[in-house]
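Data block below; observations after.
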Amino acid sequence: SSTSTTQSSTSQNASDGFKSNIMFCGSTSLYPIMSSLASSFTDTNATWDKVDSSFPKDNVSIYVAPGGSGVGVSALKDGTCDYGMVARTLSDSEKQTLGDYTEYQVAKDALTVSVNAQNPLCDIVDNLDTDTIRAIFDGDLTTWNQVDPSLPDQKIQVYIRDLSGGAYEVFQKTIMGDKEVTSSATQSASMTELATNIANNPWAIGYAGYGAYTKANKSGAVLHAFKVNGVEPTVDTIKDGSYTIQRPVMFVGKGTPTDSEQAFINYVFSQKGYDVVEANGYIPAFTPGTVETSK
Amino acid sequence: MALNAQHRKRLSEHADTVCSLAIRLIVAASCVIVLLVFVYIAYEAFPFFQAVSLSDFLGGTKWMPIDFGNGTSYGIANFIGATLMTSGLAVAFALLIAIGAALFLSCSASTRLRQMIYPFIDMLAGVPSVIFGFIGLVVVVTFFINKGIAQSGCVLAASLVLAVMILPFLVTSMSESIVKVKKQCLPASQALGVDRWYAVAHSILPLSLKFFIPSIVMAFGRAMGETMAVLMIIGNANVAPTLLGKGESIASLIALEMGGAVRGSMQYHALFAAGFILMVLIFVIDIAMSRLLKKMQK
Amino acid sequence: MEQQLIHPAALNIDDLSTYYHQQTALHHLSFEAPAHAITVIIGPSGCGKSTLLKTINRTIEDEEDTRWDGTVTLFGDDTKKMSKEEVHTKIGLVFQTPAPFPFSIYRNMTYALAYHGMHDKQQQCSIIEEKLRIVGLYDEVYDRLKESACALSGGQQQRLCIARALTVNPDVLMLDEPCSALDSKSTHAIERTLKSLSKTTTIVLVTHNIGQARRLADKVIYLSDGSIVEQGSAQQMFTQPRDPRTAEFIDDIGSAV
Amino acid sequence: MALNAQHRKRLSEHADTVCSLAIRLIVAASCVIVLLVFVYIAYEAFPFFQAVSLSDFLGGTKWMPIDFGNGTSYGIANFIGATLMTSGLAVAFALLIAIGAALFLSCSASTRLRQMIYPFIDMLAGVPSVIFGFIGLVVVVTFFINKGIAQSGCVLAASLVLAVMILPFLVTSMSESIVKVKKQCLPASQALGVDRWYAVAHSILPLSLKFFIPSIVMAFGRAMGETMAVLMIIGNANVAPTLLGKGESIASLIALEMGGAVRGSMQYHALFAAGFILMVLIFVIDIAMSRLLKKMQK
Amino acid sequence: MEQQLIHPAALNIDDLSTYYHQQTALHHLSFEAPAHAITVIIGPSGCGKSTLLKTINRTIEDEEDTRWDGTVTLFGDDTKKMSKEEVHTKIGLVFQTPAPFPFSIYRNMTYALAYHGMHDKQQQCSIIEEKLRIVGLYDEVYDRLKESACALSGGQQQRLCIARALTVNPDVLMLDEPCSALDSKSTHAIERTLKSLSKTTTIVLVTHNIGQARRLADKVIYLSDGSIVEQGSAQQMFTQPRDPRTAEFIDDIGSAV
């Protein structure tokens, strides 16, 4: 991982030509962030010459399309987009096919192990260890009284994300190991949907994303997140990596960015971008004004 | 056969009591269901309409439902434009093809061939919209970009894919209508010695037209409501829609943001308000089309 | 088979059979329809008269599950070798049940005219007036030519269909009980028209009105149960029928009215 | 009027050349489009069918397309079951309501009232599926959980919402069919002095039935292909589907995983293979239904 | 207005007018149809005969944009005060254009029987045979009762519809040109049936066949252009018509056939 300051990167790439259209495509997790940034960037500047007087007076046109991390990578490979949005680490084979690429890590997303706030378990324990979580998620424990005898004999409803999303992979690697998640677990299409499902179902448990978790709890506690192996999911623990169930949320580009692209990337990594990331419930992976890249 | 005596009794005990009641119950049930959907949407949209003026909503072009420091604004003019443009184009394209295909099926193909082709059409109707979206993205948009026609997903690409999606419904219903009209009209035409295509152009098609309208209206509605496929292709940018530029339809707006909207927030209500406007749009188009139909019949 | 024919044959029907599903509706019919003359086909209800007309101009082929054998020759040309549409243009047919298009009366009348390239409004109007007058409909409908033809009474529709058929000039005109729903005044008008039309056109007429057959026929074919019982010139058939069944059929009608 | 001369010329220069050609072109175009969709899906499915045996695919119940250490397996039996169950139930529910509503619209309501109600039905048809999904999730599923009917999203909830989604199409097309049959049959019935509902039960409905079948088949196809709404309600778990238990339809499988699947991976091909099977399913149901129709007519 | 009536009136039509759109099809008609007798309505094509029948049993109300005034009294009861369906059951109508259901012949015949609760197969069959024999159709179709009624010839369909109407026993039976597509043998059979039926039922018959009118009528109403020109007992109308137009109309027909 390397960092560079905003000013230096702009001057470094000053000779790389100009492009008035920029396209982002991929992960639905990053989509809301990039899409709001794109609209506010377009709003404030309208034409590129307002961004930098050396740019031509072309209309700013930044395009963000959702589709999923896989689509993001393949679109980048095909050249259908300039930047692929990915909410997981790239696999080795993907790294290979992409060749010369740069990752721009915008945010970190953590998975909380959450239950419905009405679940009596919240009052009994505040910590779950990896083994218990694994036993719940792989179907060894099927009713709540197996988790704690004082709980009622109600079926555990497990909520997860779809198999090919980044969250599934992260959870698999950090918690499940070589065990499989029970096939009776409900897959949700998005983190918000997952959070809604837990909020609607008193006997549910699931790995709601940290962003979705904080959002859902905005107007009263409906979800309850446990400490995992003694570590509470907070901004700090996630940032410093001590809370381990987390994944990067980033976009990936090929080659070096053009001037205009760099200008927008700088905008993403500005204070404004920082705020937007936070507003969306994610944890910024950068300090404002510093572009967080890795090759 | 002393039937007359039984008669009167039958009339009362029959039908207009039992059948009528059953049907009325079902109708009541379906009304409740339909109303439930409407009322739910209207109910969730209501707080928004209280907070934001209709003219700002319908006339504004800036959509920023979450305050990132520059305040919020809820203008859906561009989305309305993109929705109308995409679905209008899609219906136009689909009609062009559908009329030809329906004429072929109903007037050129034998009954046998027609019956053989229908299942394929239905198959197309059952392809999940996510696959259409994917094909649109990977084939159509890529083609457009490679040929330099457009720089990204665009309204035209979306309407082309949408046209393919509503095609099966249009072809089936239109060819069924034409077959019925043909049975009625073709013999008389033949007896007058005019050729088949003259009959098609001057009696069969004109008479089928009024049966097309309901199908077209419904296809229009479906096109306006279609979500997944359009979402993936149209480019989703809040700009004034142009043929080869990006746009964002109301349905994709809702699909994109509903997932992230906090329930009870103004954004959430605004999305339902947009859905409400979509319904109103469909309603208005519907009324306009049936007016048109009435005019045409005169 | 035919001896007393005054005109050369326009239609030559040879060994014609028609089948509905497995059922035979017409059994090996052979006859000729002389050119520029009126051939009248008579016979009891359900004997196959309409089927015969539909077979001759090949509209029967559009009905489901039907089949026909034999040859129909039109002025020496085998109709099976022509396209179906060519046969339709050359052999016109007025159906037993009137089938006006659900358009205006005007459009019904100009439908075929426009097809033949006559788009001039004035010419169209004069033809329409002429043809409608022939069937005695003009005075009844002249002020509502733009109204739907389906809003006409049964007899009016029948007359409209005849008038419509007169706007095209087919080589052979076949009419299936054209006066069934008409009062005598209209019937007479149509009979006069057919008589004069027969000078230039070959006419095949199906009727159950023996009086009408007597008045119009040059040649008569008596069909029963899908077979020809007797055929011959009108004079011979009506004055000295050879088959007792013919005598009975003609007689029965004579006494009926 | 020397029309006969012009006649023959017309016949050749007209129609069967120009019109026919135009129509053939359009038909060719539509065939190409339809084929493109099929071929694309089949093409992307092909590598999968080469790698995995059909019996493992159709008969297996374990779906693990990504190797997280325990190997991969691609069994879609449960998904097929859930798809058929959900859409079958949805069509059954929708039919029950649709027949009643269509009868009301076509036989009880005046033409005027009917024309007034249609736009509302079309409106319902145009509601984006994401909204249906949302309502299903928030209203129906929550209701089921609160009442202890089900513990989570379930097949029944999904089919209920799906039924509402295909209802508009069924009601409109069925009531149009009934109106046409009614015009033909009711006068004769009246002349025989039977009452309205007897006529409906003994002549109008039986004669309308064959016109219903294409609509039903198409509704079935749509139900099987519907993605967004089902996805949100059905519970998405790879278990044997039961009425009040979870399930996962093929369309939701595809929608869930297509976004994340790496292009060219076996998972990607497997998803297209699942899409292909979905089409085959629709095709088979289609054929079966039209066979049924033919039997019924005899 | 009426003097020589032999029977009490079954139908009383008073000041009846019918309008299509703005156009008046019937102008203030008033007449009576005597019970257990045959009232024949004659008049030129398009004069309003079918409209009159449809107005009497109120089927006209189902057509678009129509309106009627006046009163129709059936055995003393105003039909406007009954439900439409009750009127239909009491006043049967056979349409001018035969309208069989696209079902089997058998089902066409049993349609109304089943409605009246007669589900016994044997009883049904015997009634069907009886009614089909009356119209002379039984021998033609006995072996294909299960086939579609639409596969019958025009005349056969017409006879089927009459037979079907005979399966119900309405108080008043109205027939609109029931013999228009029939040969004389079938016509006679149907005439005989109507004559004997009239002993128990009130019959209103529209015909353009003056011979038939002469043979059947107890009372005659001559309609022209939507108005009654003359009405009276058959004897009076055919022997000493008061209006010269009646004389001409009757005469014209007399000479025609």
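Order of writing sets the labels: A, B, C, D and E. Residues in every chain begin at 1.
Operating definition for what follows: contacts are C-beta pairs under 8 Å (C-beta built on N, C-alpha and C of every residue); 3 or more make two chains touch, one makes a residue touch a chain.
These figures come from a predicted structure and were not determined experimentally.
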Taking touch as defined above, what minimum step count separates subunit A and subunit E? 2
In how few steps can one go from subunit A to subunit C if every step must land on a touching chain? 2
Chains most often in contact, by C-beta pairs: B-D
Using mean CA coordinates as chain centres, what's the subunit B-subunit E distance in Å? 49
Chain centre separation in whole Å, for subunit D relative to subunit A (CA means): 36
Listing for subunit D: what residues touch at least two other chains? 11, 16, 195-196, 198, 255, 258
Show the residues in subunit E shared as contacts by 2 or more other chains, in ascending order. 85, 89, 115, 168
Give me the residue numbers in subunit A that touch at least two other chains, ranges are fine. 28, 66-67, 71, 189, 193, 196
Using the touch rule from the top, collect the residues of subunit A that touch subunit B in their complex. 21, 23, 28, 31-32, 35-36, 38-40, 43, 61-67, 71, 75, 78-80, 189-190, 192-193, 196, 215-216, 218-219, 272, 275-276, 279-280
If you look only at subunit D, which of its residues touch subunit B in the complex? 11, 14-16, 18-20, 22-27, 29-30, 33-34, 36-38, 40-41, 96-101, 103-104, 108, 115, 118-132, 134-135, 139, 164, 167-169, 171-173, 176, 180, 195-198, 200-201, 211, 214, 217-218, 220-222, 224-228, 250-251, 254-255, 258, 272, 275, 278-279, 282-283, 286-287, 290
Can you list the residues on subunit C that touch subunit B in the complex? 57, 59, 62, 64, 85, 88-90, 92-95, 99-103, 111-112, 114-115, 164-165, 168, 170
Taking the complex as given, what residues does subunit A use to touch subunit D? 28, 66-71, 73-74, 77, 91, 94, 155, 157, 162-166, 169, 172-173, 176-178, 180, 183-189, 193, 196-197, 200-204
Within their complex, subunit D touches subunit E through residues 111, 185-196, 198, 202-203, 206-207
